[in-house]
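Shared between the two complexes below is chain A, which pairs with chain B and chain C, respectively.
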Partner chain A sequence: MSGQNARTRSRARLAEDLKSWMIMLPGLILMTFFIWEPLLESVRMSLYKTRNIELVRFIGLDNFISVVGKDDFLQALANTFSYTFWSLIIGFALPVLLALLIGETVRGKSFFRTAAYLPNMLPGLAVIILWSSFFSGEKSGVLNILLGRLGIPQQSYLTRYEWVIPIIIIISTWKGAGATALIYMAGMAGVNPELYEAAAIDGATVWQRVFHILLPSIRKLAGTLLILQIISVFQIMYEPMVLTKGGPDNASLSLMQLMWQYAFGGSMNYGKASAVAVIVTLILLVMTAIYSYFNRKESDWD
Partner chain B sequence: MKQPQRTGVIRDYDMHSASVRVGYAVVILLCILMVILAVFPILWVILAGFKDLKELIASTSIFPQSYDLSRFATTWAQLGIAKNYLNSLISVVGSVICALVFNGLLGYGLGTLKPKGYGIVKRLVMLSLLMPTTISIVPLFMNIQKLGLSNSFVPLWLSYGANAMYVILFVQFFESLPASIIEASRIDGCNPLQIFFHIVLPLSKPICAVVAIFAVNAAWSDFLLPYLVLRGGELQTVMVRLFVFSTDQTVNADAMMRSVVFSMIPPIILFFIFQKQLTENTVSVGIKG
Partner chain C sequence: MNKLIRTLALTLALCCLTAASPLALAGEVIDADLTCSITLGNWPADTAPEAEKALFEGYKATMAKQYPNVTLIPDYYSYTLSNYVPMAKGGTAPSIFQPPFTDPQLLISQNLVGDVTDALEAFGVLDKFSPSYVEMLADENGRIYGLPRDGYVLGMHINIELFREAGLMTEDGLPKYPTTLQELAEYGQIIKEKTGKAGLVFPASETYGGWLFTNIAWNFGCVGESALEYQDEDGRWVCNFTSPECVAAMEYMRDLRWKYDILNADATTTDWASAHSLLGTGEAAMNFAADDSVDQPTAYKGLPVEDFALIPFPAGDAGRYALAGGTCYMFAPNITKDQGIALMAYLKILGKLPFLDDDIIAGMRSDYAAKRDRGASVIPAISAWNDDEYNAAKQAIIDEFSNVDMRLYNDFFDSISEGTITLKSEEPVFAQQLYRELTAVIQRMITREGADVLKALKKAEESFQEYLDDEINDI
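What follows is the complex of A and B.
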């Protein structure tokens, strides 16, 4: 009797699981179509010679060899690392600082938070076009107007080889730093203010409280945001595409932009474009693996 | 007026020290500087929209000579932006509906129903969060072409039904719902779909609002996939149009500045209506993420 009961129960359970999977099915189909299948497909395509949207024949690693052998690939690879480097220099600490500053304010805190978040709402494309007139080399470029008042002569900022990547990073930092600061503020709010009280009674100065209580409290969050930042900067594409078209002389060409050029820049070489995408994916995977290795080590210590 | 409580590192009695008071003044000044840096470029582009081409190229003043709104109206009419606005609206509405329905149901399965084997899917979704979609845009575009869905909003709408971040937001919310409510309605004989529509959904307004606001803004700002799908056709959205302007130089700089303003108006309006939800919700996303 009881065995039969268990069987009916497990059959009921099975029917219920099936129903649950049916509910999830539409979402799963879309995930497969828009994310998972294309990711696998790009690996397959990178191994084929393509003509328009047809796979012509299997050619092994030829796409990779041909892509990597070109000068613009090495330049784009170096540039992409340069983007990442500058983004860490300019964009990593700034949100922490903003969060710290806004967190200390008493009156007007919500106003400051709102203002910090505002640039993040604007469409990325509009932001790039808007800033292009700031850095324009014309005498009507906003930076030339402002710095001209300080007696600094007219400059052409976006055609300077060594400035173009930092400028693009400044623009994307302007857009994103405030929103990231709000995430840090949430992390900082997890600290009980009584801890600061206690430390103060023990004679800790304000700076000591910042360095020994506040900053340690966001260390883990900072690690997570760091890896997310690296992953997203590594895929930088439309910013240089719109602002500089990769120039001057490929100085701001990024890997993903190179992918876009292969696919949609006229030659429609989807195989080679996929090869670039696969290389970017592999680099990102390696970076994520390194991060999670160190992260695990750190939690062991804790 | 009641002084709000200090929640930061600086405590009330620190303010007795002159050096802390000076430090606090510096903090406020830096915050004000931040506000100026955040707002000035936006104000500038609006002011620049009032200039005509000659003024925009030659003038070294931030302020325009006149505030003539008819220049905006002229550009709006000449470039036919109204049609692009309508297209953007259709694209955004469909995207938001897809974002809520498909990610919501998947999140309900992974967060509440948890059928056998759901763990693998959950891990796959988490992993997709780390691999944003630009990387696979080429094969995705080919798939869309093969299905003959170019020049249609359908693939754009559906692409918002496959967003790993929204799914995870839903999962985290549904996991926080008390299991007893769902168990009780199950015993009362509701099937999972009834439970979703009658019990879970009414409780989920906050998370639906968050996902909807994010999706509105993302769908409005999106232009890479929309450009590939809609280029050359009648269905171009505002951002696709702006992207086309930015790649060929046929549009004058002054019309360009006004188009940038047009593209920023809806997000800014959305921001001022929902600023509270936005600034607070980023926060909760942050803690969980």
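What follows is the complex of A and C.
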């Protein structure tokens, strides 16, 4: 009798599972077709000599060796880390600050929230083109006109090696900071108000409340956003591609742009392009693993 | 009496109708049996000028009359190498599209385009191709994969207003333009000093810089044994960026920035379109550009045609060379024989084949009228066809719609017709990659004052040689 019950229960669970699987099936098929298969195909392609998108012959790691041995790869790798570095310097704290300021605003909060998010609603390419007029080194460049009024001579911003990456990060931050700030604001809204009240009763100042209550409360959220930011910035491509075309002299060339150049920049070498893509994926996997490791450790300590 | 007149009139009308009908049919329907569909890339977008859209609708209507069973499918597709390859491999490329002359050999070698030799033969135009174009559009077996849309020769666009401001005018009121690369540097310097604007806009981004630099290099002697790339006795392609001629040409580029300071400020981010924009809006006085893009600074950027001139490419110490290139029509790799015929018929209606009839002449007239209406310079075209009758008829129509003082263009066209300039096609193999390597060197030269020319060229040479070995030498 009990055996029959178990079988009935098992059948019911199976039917339940089947329903769940059926619900997931379209998503799984689409993911397999559009994400996993191309991903695995890209790994396979990186191991072959290619003729446009056809695989000619297996060449092992030759594509990787050839790509890594080139100066432009090393330059692109260094640039990509530089993008990440500058994005942390310029772009990591700003959304937190924005969220804090908007959160503390009493009147017109919705206006400031919308205003901060507005750049994110603009198409990415339009933003780049807009800012390219601002940073144009020609006499007609907006920044040159503004600085010219102050008596500062005409400058060429996008042809300076040391300026080009920070400028691109300033533009990306201008576009993306509002959206990230909204996420922080949602996180901050979840902080128990009793903690603030208790701190206020104890005589804590605004900054003490921020540093001792608010920031620790959003630390995990910040950690997650940090790794997402690193992953996103590591794949930066269209910003330098449109603004500087990777120049001057590859000073703003990113790894993803290098990948694009191998595939579509005239050489159609999809094998080497795939090799670059695999390298980028591996680097991001390592970085994510490091983050997860420290995150777990921190949870253990908590 | 009235009845007699009515009978005679009716008889006459019937006779006329009977006699005229076969003629009218012959003029209208050319092939009712040809049945297929063709997808036409580069169809004018909804945002295109009304005149242009009407023109293409007219072509479509004519095609429908002449080939009633050929279905035309307009497609807004605009070719780039990156978007074309997946479409060609996936079988979704438009039947006809328009790549620049830098790409046909690459596309042909990768089996990404369709063969139209038989269709061309059927139309009797195979032998009218200019031989240099046949060379660009055929494989090693002589099979043809494309047709020239238009040819161009690289020269220089001039903003006369800035020349006037700098006092560089002749007594006849014409711009005193540079005839040599040395004069280009000197005149550019005068313009920069007198007007504060760039003497020369040089698009040194992506592949544009290298593309223009090859012209300068040829004029410094990078031809023949000193060519930028050549095939050695064993048939191996060799990159040669470190010849004394190429080094001298690159030193010249460096001097344009650091000695004469005539380049536009953002040269490393300037592309083809923004170069035209800077010239058209009076931010630069000179731009290396061709006869096929005279509408860019004028019609699109508002430079009045009377303030615009087209001059020959300045000569160097080793001669006067200029690039001859253009845009071509190519075809999807999976086109059928019938589609090939239909595509040639469509190109014939567009006036792109060397045929003359009333419809084609009307099409040409509409084309030049539209050009004049939108404020572009209407100037002679460099024909890709060796057909005197066709070329003369085309010239007559151009003369009719001309809106410019030809004294501002004559030296350019005379240099070609009189042979005082040597026309060259692009570097033979993997030109885009070669340009990319050279652009990187140019960017280094114009952004780092003390950059070592030879060292940078050596590095680029090694990189491009590795590419050649990998792609074509199969080492």
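The rule is simple: the second predicted complex is superposed on the first by the 277 of 302 C-alpha atoms of A that agree within 3 Å, B and C clash if a C-alpha of one lies under 4 Å from a C-alpha of the other, contacts with A are read in each partner's own complex, and residues count from 1 in each chain.
Everything below uses one rule, namely that a contact is a pair of C-beta atoms (placed from the backbone, for glycine too) under 8 Å apart; a residue touches a chain by one contact, two chains touch by 3 or more.
What you are looking at is a predicted structure, and each value in this text was computed from that prediction instead of being measured.
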Query raised in the report: Would chain B and chain C fit next to each other on chain A once aligned, or clash?
Result: clash
**Report entry** First (chain B), second (chain C), both or neither touched by A:N250
**Finding:** second
Requested in this report: For A:A179, decide between first (touching chain B), second (touching chain C), both and neither.
Outcome: first
Query raised in the report: Counting only touches as set out at the top, which of chain B and chain C does A:S20 meet: first, second, both, neither?
Result: first
Query raised in the report: Who does A:M287 touch here: chain B (first), chain C (second), both, or neither?
Result: neither
Query raised in the report: Looking at the overlay, what does A:M121 touch: chain B (first), chain C (second), both, or neither?
Result: first
Query raised in the report: Thinking of the overlay built on chain A, is A:S110 touched by chain B (first), by chain C (second), by both, or by neither?
Result: first
Query raised in the report: Among the partners chain B and chain C, which is in contact with a greater number of residues of chain A?
Result: B
Query raised in the report: For A:E37, is the partner it touches chain B (first), chain C (second), both, or none of the two (neither)?
Result: first
Query raised in the report: Touching A:R51 in the superposition: chain B (first), chain C (second), both, neither?
Result: second
Query raised in the report: With the two structures laid over each other on chain A, which partner does A:L221 touch: chain B (first), chain C (second), both, or neither?
Result: first
Query - Single chain B stretch clashing with chain C - from 43-51, 61-69, 79-87 or 259-267 - result: 79-87
Report summary line: Overlap of chain B and chain C contacts on chain A, residues 53, 138-140, 263-264
Query raised in the report: Tell me, which parts of chain A touch chain B in their complex?
Result: 16-21, 23-24, 26-28, 30-31, 33-39, 41-42, 45, 53, 98, 100-119, 121-126, 128-131, 133-134, 138-140, 142, 144-145, 148, 174, 178-179, 182-187, 189-190, 193, 196-197, 200, 206, 209-210, 213-214, 221, 224, 231-232, 235, 237-238, 242, 256, 259, 263-264, 270, 273-274, 277, 280-281, 284, 288
Requested in this report: Give every residue of chain B touching chain A within the complex, in rising order.
Outcome: 3-11, 13-14, 20, 23-24, 27-28, 30-31, 34-35, 37-39, 41-42, 44-45, 48, 56-62, 98, 101-103, 105-106, 108-110, 113-116, 118, 121, 124-125, 128, 130-143, 145-146, 158-159, 161-162, 164, 167, 191-193, 196, 217, 220-221, 223-224, 228, 239, 242-243, 246-247, 253, 256-257, 260, 263-264, 267-268, 270-271, 275, 278-279, 282-287, 289
**Report entry** For the chain A and chain C complex, residues of the former touching the latter
**Finding:** 51-53, 66, 70-72, 132, 136-141, 154, 156, 158-161, 243-250, 260-261, 263-269
Requested in this report: Show which residues of chain C lie in contact with chain A when the two form their complex.
Outcome: 80-82, 85-86, 89, 106, 110, 112, 196-198, 204-207, 264-269, 271, 278, 281, 283, 430, 432-433, 435-436, 440, 443-444, 446-448, 459, 463, 466-467, 470-471
